[in-house]
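Presented below is the structure to which this report refers.
So that you can tell them apart, the chains are marked A, B and C in the order they are listed, and the count of residues begins at 1 in each.
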Amino acid sequence: MNIFDRMMSLDRRWVFLFLAAVCVITYIIDFQIPIRVENEVKTIHEFIDTLKPDEIVFIAIDYDPNALAELHPMCYAVMEHCFRKNLKVIITALSQNGPGMAEQAIFDIADSVKMDREYNGVHYKGREIRNGIDYAFLGYKPYFQLVILGMGQNFRLPFPTDYYGTPLDSLPMMQGVQNYDQVSGVIAIEAGNIADAWIAYGQGRFYFPLALGLTGVMGADYYPFLNSRQIFGLMAGLYGAAQYEELADNPGLAKDGMRIQVYAHLVIILFILMGNVGYFMSRSEKKRQGR
Amino acid sequence: MKHKSLVILLFIFCAFTLSAAQEDAAPVDTVQVDSILPPAPVSMLTAKDGENDHGHSITLRWELSADDGAGQNSVLSYEIFRWVPFFMDTLQSIQDSLEQTEAYIAELRTFLPRAEKRLKEYRKRKKPKLVIVIFVDSTQFYEDTIAASKRLLPEYEEQLKQLRQWRKQAIDEIPQAHTSYPEQGEWRKVGTALSGQANFKDVGVKERKSHDYMADHTDYYYRVDAVTADPAIRASSEIVGPVQSYGQLFNTGRIPVFVAVLVFCLLTILFVTRARRGAELYVRPLAGIEAVDDAIGRATEMGKPILYVLGLGTAADIGTIASFTILGRVAKRVAEYQTKLIVPCYDPIVMTVAQETVKAAYLDAGRPDDYYEDIVYFVTQSQFAYVAAVNGTMLRELPATNMYMGVFFAESLILAETGALAGSIQIAGTDQVAQLPFFIVACDYTLIGEELYAASAYLGREPILLGSLKAQDYAKAAVIILAALGLLAASLDWTAFINLFSVTS
Amino acid sequence: MRRQIPLALVFIFGVFMIFQYFVPHESSEWIYEFLLDWIYIIGIFALALGIWSLIRVSVAKIKARKANWGYPIITIAGLFLMILFGFTGYRDGSLGFHFMTAEGLSNPMFRNFFDYILIPIQSTMFALLAFFIASAAYRAFRARNVLASLLLVAALVVMLRFNPYMGPIGPYVADAASWLLNVPNLAAKRAIIIGIGLGMVATALKIILGIERGYMGKG
């Protein structure tokens, strides 16, 4: 077996080892990657940035710990932006392990918002985020299609109480808030087919502004919906999260993760090119021998 | 002489001062005169029942005020007023009392068990022999409080019952109360529209017990005020009414969908009828389906099992239902060849249906004794735990053929790559568009999207199923033609054609 | 009768749900909401069935001492521990059973199991995908023919679109990737989505009319 045959049929464990090494090295060495912002993420940032204080944003945290690496940074960036702008946030978690992810995000963001910070040259004073006043966490209910439909009639239909058992009518921020009509927009952060349900059953029936935050794999599939204006914005994968962090001037896990992702992609490209070089050289070698 | 010139000087000075004061005053007088003038009111105000809804809403439309965003008294907003009878205040107070009573009862019901538990604890404690003045015996306090609460609770419940009855009666009288217009009521603001906005939807809720309940078949009266920067300076429109809200029996905004569903149903019935009458229906061959028999044969020759994965969908997903049908056909062939079949399941209901399907297939193949329950088994409802278990099965059992048919998510590549590692031939089919690239790259054959739904027709070649497949194909052809026409219409600005297909709420 | 009753039920409720989409009247909405409530109730039975299935299968493996019978013990232990932690918590300083309330959900052990066991395990399994993608890409992206070459070039362009080391051609690569995602990708996805949509409608119609009976288990 010559070198080109070896290049073409390398044991996959070498690929795994090299990739792992590159990921570890780029994780250890701290450096930043410049982020180019795309329009589909910019529209989401601008949407939240132009909302007035006390307007309500609905954030659906519908992913499990599997997608934590890609979607948690997105969730953190968006939620912190909302709280800094003094918006009210309604949060649901329609996946089974979603409530745990949502609670973790709420607690971490609550700690962060307590501190004075400056983003994009604007000084934001630290404040306390209060359950029932600044946010309402509705929790999880099975059959997400039905929950999304039910919330279009009244939030109290699928969620008579919030996640902690408090009746929705007792929450100050939910007074007069019946359904999506009182919400300025929905940001759904998804890792599965719940995104389709938000488009078909949510936006398709109730016509609220909908933006999606998705895993990288799913991102490419939802451009048709962006193009047909069924969604007004799209954040795809870690890159989408990094773009939002860049726009919000709030660097976090996504921007840190991008350096690892960029180099991992370069490794994959290297192996692809290596495989193709091996393939072509082997093929021409065989042709030469065949003559 | 001197005095005379002094007087003249004084006079000139006073005249000069007075005229200056008058000049200063003039602008103030001019502003005051302008601010009293009201703006032009809105015109052509109409109020109609909200369209294509379940009722409980009225839509108002008007022509903008002439001073909208312009003129000396620029209109900045419009305030919408509805005539509300005082009776509604009575209803509101009944609602408030009811809610308060419910809250009291809830508090008492929460308090009583805790208090009784606390009382038990206090009773168990030994009283000190020497009673000092500052010692507080809580036992008596709890006993008195519990007794009072137990006395109050039935009273409140009785009160609640009465209030509920009054509320029901009051709600039934709402339409009657509205007929007393213009007496015994007043105008109340129900909403605001910004400058430039010429419509408003007054939406209530259908829940009779809600504060925002808006009764149907009730006479409503509206007016719209054009409001300037000074809220006191406004102009009211004419009053419109009576207008009633009611639910529609058909949503006219969805007519295009209705027509499409009707046409599709007719096409399906047509082709199924033709198929039943024996017409030959051609369907193009699918490589993935053709390979199923070969794959089963390969497994039989190698003496290795076949792994069939139904995916991560529930029994309600169309992809999973299609997979059941394919599993039935595969299980029948497997039973005939007496090959081992392994079917790990993600969902317990899917497992139950799959067990029935495989059992029936073995029965049809004439091999009921070869069926055993462990062929189809439940693994877990956790995505990656399921994948780990299936991967383990693949690497231990080394199946000759892997079939992935159904709804898959992020685990698709892990399954397919591990199967490739195990050396299995792999046939996949999913309607999850995001996972198709992974299956295409890692599997030998892939059924893309609707080919999965068509697979049952292909495998069985039943005329009825083939008929519905043909209907699908004709529907797709219609969509292509309409898309091309739509492209032409959009380019030539034929809005009438485009509007034919628009679907509103 | 065993087959007729389910078929009749599917037909009645299927037709009603189609009908309900076009009739906004309150009475139609009322029945629809009533049926939605029933779906929740039925869903709870599925949960109970799932738990029962898991326990039955695990206990059978433990009793029969099948290969790797230690893992079912961990499975059952994990299931019951999480239930125990989720249903116990502190209220007014004393530990007790609290069903479906905030005390159980805030139980430190419940949260610790989730934060320090479940999250890392699930994230790790998902992280495997990165390695599998690398090996799959290495195996599959070979320029064997024109179509495969196109696939290879498209993959390279999209992967490089946010790479900061592309120098002066970086913006062009980003624009090319954007075009690929917004034009050919969009066109192909739309076609597949329309096909899947029609397939779903056809299959749903077949189920409602009783032509497709796979869901009943006996074809």
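Throughout what follows, a residue touches a chain if its C-beta (ideal position, glycine included) is under 8 Å from a C-beta of that chain, and two chains touch if they have at least 3 such contacts.
This one's a predicted model, so the numbers in the text were calculated from it and none came from an experiment.
Novice: Considering only chains that satisfy the touch condition with chain A, which of them also satisfy it with chain B?
Specialist: C
Novice: More C-beta contacts across B-C or across A-C?
Specialist: B-C
Novice: On a CA-centroid basis, which chain has its centre farthest from chain A's?
Specialist: B
Novice: Taking each chain's centre as the mean position of its Cα atoms, how many Å separate chain B from chain C?
Specialist: 19
Novice: In angstrom, rounded to a whole number, how far apart do the mean CA points of chain A and chain C lie?
Specialist: So the centroids are 17 Å from each other.
Novice: Can you pull out the residues of chain B that are in contact with at least two other chains?
Specialist: 383-384, 410, 433, in rising order.
Novice: What residues in chain C touch two or more of the other chains?
Specialist: Correct list: 29, 121-122, 125-126, 133, 135, 137, 139, 189, 193.
Novice: Residue numbers in chain A touching 2 or more other chains?
Specialist: Those would be 12, 64, 66-67, 220-221.
Novice: For a test of understanding, state which residues of chain C touch chain A in their complex under the given definition.
Specialist: Against chain A, chain C makes touches at 29, 33, 36, 39-40, 43, 47, 100-102, 105, 111, 114-115, 118-123, 125-127, 130-131, 133-135, 137-139, 141-144, 152, 155-156, 159-160, 162-165, 174, 178, 181-182, 185-186, 189-190, 193.
Novice: Which of the residues in chain B end up touching chain A in this complex?
Specialist: Within the complex, chain B touches chain A at residues 203, 205, 207, 212, 383-384, 407, 409-410, 421, 432-434, 505.
Novice: Quick check on the complex: what are the chain A residues that touch chain B?
Specialist: Interface residues on the chain A side: 12, 64, 66-67, 154, 176, 178, 181, 191-193, 205-207, 215, 217-218, 220-221.
Novice: Chain C touches which residues of chain B in the complex?
Specialist: Residue positions touching the partner: 52-55, 206, 216, 247-251, 254, 257-258, 261, 264-265, 268, 272, 315, 318, 321-322, 324-325, 328, 347-349, 351-357, 359-361, 377-378, 380-385, 387-388, 410, 413-414, 416-417, 420, 431, 433, 436, 438, 441-442, 448-450, 452-454, 456, 464-465, 468-469, 471-472, 475-476, 479.
Novice: Applying the document's contact rule, which stretches of chain A touch chain C when the two form their complex?
Specialist: Residue list for chain A touching chain C: 10, 12, 15-16, 19-20, 23, 33-36, 38, 64-69, 97, 99-100, 104, 141-143, 146, 149-150, 153, 157, 163-165, 220-221, 223-224, 227, 239, 258, 262, 264-269, 271-272, 274-276, 279-280.
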